Amino acid sequence: MSVWEYANPRRFMAVSGRLLPWVAGAAALLCATGIVWGLFFTPEDFRMGHSVKIIYIHVPSAFVAINAWFMMLVASLIWLIRRHHVSALAARAAAPIGLVMTVVALLTGAIWGKPMWGTYWAWDPRLTAFLILGLFYLGYIALWSAIEAQDAAADLTSILCLVGTVFAVLSRYAAQFWNQGLHQGASLSLDAEENIADVFWLPLVLAIAGFTLLFLALVLLRTRTEIRRRRLHSLSLKARLA
Amino acid sequence: MDVTVTDLTCRRGEAIVLEGVSFVLPPGRALALRGPNGAGKTTLLRTLAGLTPPVAGTMPDPERAAYAAHADGLKAQLTIGENLAFWAAIFGTGRAEIEKAAMAFDLGPLHGRLAAELSAGQKRRAGLARLLVTGRPLWLLDEPTVSLDRAAVDRFARVMRAHLDAGGSAILATHIDLGIEADELDVTVFVAKSDATLRDPFAEAVE
Amino acid sequence: MDVTVTDLTCRRGEAIVLEGVSFVLPPGRALALRGPNGAGKTTLLRTLAGLTPPVAGTMPDPERAAYAAHADGLKAQLTIGENLAFWAAIFGTGRAEIEKAAMAFDLGPLHGRLAAELSAGQKRRAGLARLLVTGRPLWLLDEPTVSLDRAAVDRFARVMRAHLDAGGSAILATHIDLGIEADELDVTVFVAKSDATLRDPFAEAVE
Amino acid sequence: MNALLLRDLRLAIRAGGGFGLGLAFFLILATLVPLAVGPRPDLLAPVAPGILWLGALLACLLSLDRIFALDAEDGSLDLLAMAPLPLEGVATTKALAHWITTGLPLALAAGPLSLLLFLSASALPWLILALLVGTPALSWLGTFGAALTVGLRRGSLLLSLLVLPLYIPTLVFGAEVVRRGAAGLPVATPLALLAAITLGCVALLPFATAAALRVNLR
Amino acid sequence: MNALLLRDLRLAIRAGGGFGLGLAFFLILATLVPLAVGPRPDLLAPVAPGILWLGALLACLLSLDRIFALDAEDGSLDLLAMAPLPLEGVATTKALAHWITTGLPLALAAGPLSLLLFLSASALPWLILALLVGTPALSWLGTFGAALTVGLRRGSLLLSLLVLPLYIPTLVFGAEVVRRGAAGLPVATPLALLAAITLGCVALLPFATAAALRVNLR
């Protein structure tokens, strides 16, 4: 059986319905473990003090926010090339989640920024690129909601997503070029364990995994909602045309 | 070359309007689409013009067609002469066609007038002249005689006949009689059944 | 109340198009404007509607008139029902008029459709229904039957007759025969002489 | 007039989030400025009030051209002119609808945005107040400009050309209110002037707008 | 394609000074900024490059919405889609016409305007060069945005929401060129990046634009 079978709406509904509780449960478990562990069972950082603990929300949400866009990119490509309706709706479903994650990362970053840098906001390249990503999410969502015909909207937003990806990456690069920032480098990222004590690293990885699963669960849930919404749209259209 | 349409399914917006449209139109003939308001005449013409891709079925290459719709495609800020010259340049035809078209629709006196300053019927005449300028053999006409006075309708009928005699063909939707001999196609026959009007990919997934 | 027009001079843009238009139209009668394309029918109707102030002459108060032009005045993003309700609210009429209008033009099935999703004839029907909704006695109609199929034209003729029987009046410009008994006014008689078309205040100053 | 207002608001929403779009534009502008002029707070903070006001101006401007143009295209404007409500009323309603969809949300959302430009916290209430008092003038002036250019096909640049100079007094006093507020100086004078401009615009401009519409209809 | 270009330019001129309007908008904006932020050269000079670039962006933006909308309204777009020239060619020509009527005059007239904002004389050649190199990207991106929104009646705010984020890299590198030029630093890197963006846009975006147009036509 080919993978594309899952793009069949009925199969998708059946499989996602069965999958959803497990993914959601795993997400809850991992998030809870990671965050509780991070918040209550790690020492305080010698430089950042208590405030370091916000990292367990900040980094996972930022991670998900960025990768949500790439998931939308892949889904858009699948729609443009193979015309699987589910993937178009999955892209649509992911956008608001990505936006919320962006906002969460921005807010936690801002809250963290006050004790660390003495300001809520700085035009750090990292933060700027992130704000710009938020703008791309906004534009994408606005375009989806502005167009009445659903397939046309899927086509146009997919094209926008392709072009937008290129420019979001360019913007990130431009922002780095434009300002040397305050923000942490990749010192705490996954591939740089040597810079960070295991005590911080492990719960962080758990939290990131938890947030990713959370994202997955939400996308499944929202895709199901989008499918139903689309069905509703068709029905009301049919009622109108009848 | 025959215009052969087989089993064409046409959509408009999100709705499927016509299903299974089939006909053959030999060169030199006109086909009149019949059907009440909302039957799907405009939809069929737009599909044949290549503007809306068909959902299914085969149809001739839109490269051979010229389309005249309700909107005339005239720029209000340009004179009639400039408008025609523009379309001639775009379709790669020349001065000869422009003059022939202007002559056929008596556009001489309007040549230097801005399209914005014309009456409805004058504009429509210029819009029809554009058809001649394209030099295409298959004409798709959506209510071509709207706003035309009797003399202009006669003129148009003469132009049509000349086009057909020269081996061209035409498909036209109109509610009034033009006095042109034409095959008839009743569009109502092909109107999509209401349960097919929407190809909802999610229909079975939800219920 | 008679519609009395005396010695009206009408302009369009910067040009004077008609001069000395005079007629009297008693209530319950329709007046059909005749004349080839570009004669000035639309110009006269726009003047009577109060949209273009007349250059000279007297005409009835435009407050009594309702105007239906090529553009239907429908908002594409609103449903037909919403469109009619809007105009009813603006003209201070009520639910009764809307229902009467919708009935008269068979708009029931289209009530919940967006105006953007209608065919040309369906839109036009809704545009004509607006006339009834205004509740005004004098109808100014510029080619009202464009795009209408035969059944809809009959419907329109019936509505017109009912309006006239109820003491209303109508002035209409059309190139086709509606089967309504109407007085005729040949607009070509009043076409402004070409030396009068431009009342240039600086003409004598310069030459 | 109520019906017209409701219709315009409904159209703004149907056509894709009338309220949100102006805001989003404002947000983007607040992002673009630091990207353009450089990220230094010492550069940004002093220009912040002016830039925020400019952003409000431009967000208004971008939605102006369609105030009458769409109605003119589909024939509604002709019919509105014949309707038993005065054209002055139409002008007022249109301006009000424009303000509700752009000026009002801007004023309400200026708070978080001002953070991006390092506006001092003490200036924020003044910014919001100034926007609330000043933006109606922008909408009424813009409606007037839209009426002047309704007959033109490519009006939006010309429109901004006509309207922007008219916006100058509002801009100057509005920015002054915020600057003084930030510096802790008394703001009564510029605020009063701002209010006076708005009141004058709301009271008198509809007549000019209606006159312009009449000219453009014929 | 030549015919289309000529027609668009002619229309721009007929509809009331296509070339002049963008410039005039730029001029007004350059006047408004000192009014908004206060007329102090010490405040203005450092932000001048950025503000001038922002002005260019906005002048482009304001003329975008009509790139395809007018053609869609009067039916020309349908006919162009049927014509024997590829839609990609139409997209390129439209973008080129837009650049000639807005970007090019801006670049040429930036000199006198920069005086209003106290831009240092040494930065001026760089400003002009950067505008010449960068503004084509703005026009091509804008044409893409216009194609996405051609079916919508009130597209102009949405259009700016879609297009402005895409303008960011151009803005950053463009302003950087001028800032470095003013400071006497080497400008090769940002200038090369700016040129690369423009080239990429000109080469690839017409395909996306044509695809969007095709979706919107059906």
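Labels for the chains are A, B, C, D and E, by order of writing; each one numbers its residues from 1.
By our rule, contacts are C-beta pairs under 8 Å (C-beta built on N, C-alpha and C of every residue); 3 or more make two chains touch, one makes a residue touch a chain.
Everything numeric here is computed off the predicted structure, so don't read it as measured data.
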{"item": "Chains contacting each of chain C and chain D, listed by label", "value": "A"}
{"item": "Starting at chain A, fewest touch steps before arriving at chain D", "value": "1"}
{"item": "Chain pair, most C-beta pairs within the contact cut-off", "value": "D-E"}
{"item": "Centre-of-Cα separation between chain E and chain D, whole angstrom", "value": "23"}
{"item": "Between chain A and chain B, centroid-to-centroid distance (C-alpha), Å", "value": "49"}
{"item": "Whole-Å gap separating chain C and chain E, where each centre is the average of the chain's CA atoms", "value": "44"}
{"item": "Mean-CA-position distance for chain E and chain B (Å)", "value": "37"}
{"item": "Residue list for chain B, restricted to those that touch at least two other chains", "value": "13, 70, 76-77"}
{"item": "Shared interface positions of chain A, touching two or more other chains", "value": "132, 135, 138-139, 142, 146-147, 175, 178, 241-242"}
{"item": "Touching two or more other chains - residue numbers and ranges from chain D", "value": "11, 15-16, 21, 24, 28, 31, 35, 38, 73, 153"}
{"item": "Pairs of chains, among all present, that meet the touch criterion", "value": "A-B, A-C, A-D, A-E, B-C, B-E, C-D, D-E"}
{"item": "Residue ranges of chain C in contact with chain D within the complex", "value": "11, 49-53, 62-63, 65-67, 69-78, 82, 86-87, 89-92, 130"}
{"item": "Residue numbers on chain A that touch chain E, as the complex places them", "value": "132, 135-136, 138-139, 142-143, 146-147, 152, 155-156, 159-160, 162-164, 167-168, 170-171, 173-175, 177-178"}
{"item": "Contact set on chain D toward chain A in their complex", "value": "15-17, 20-21, 24, 27-28, 31, 34-35, 38-39, 41, 115-116, 118"}
{"item": "Contact set on chain B toward chain C in their complex", "value": "13, 35-38, 42, 70, 117-122, 125, 143, 146-153, 175-176"}
{"item": "Residues on chain D engaged by chain C in the complex (per definition of touch)", "value": "2-4, 7, 10-11, 14-15, 73-76, 78-85, 217-218"}
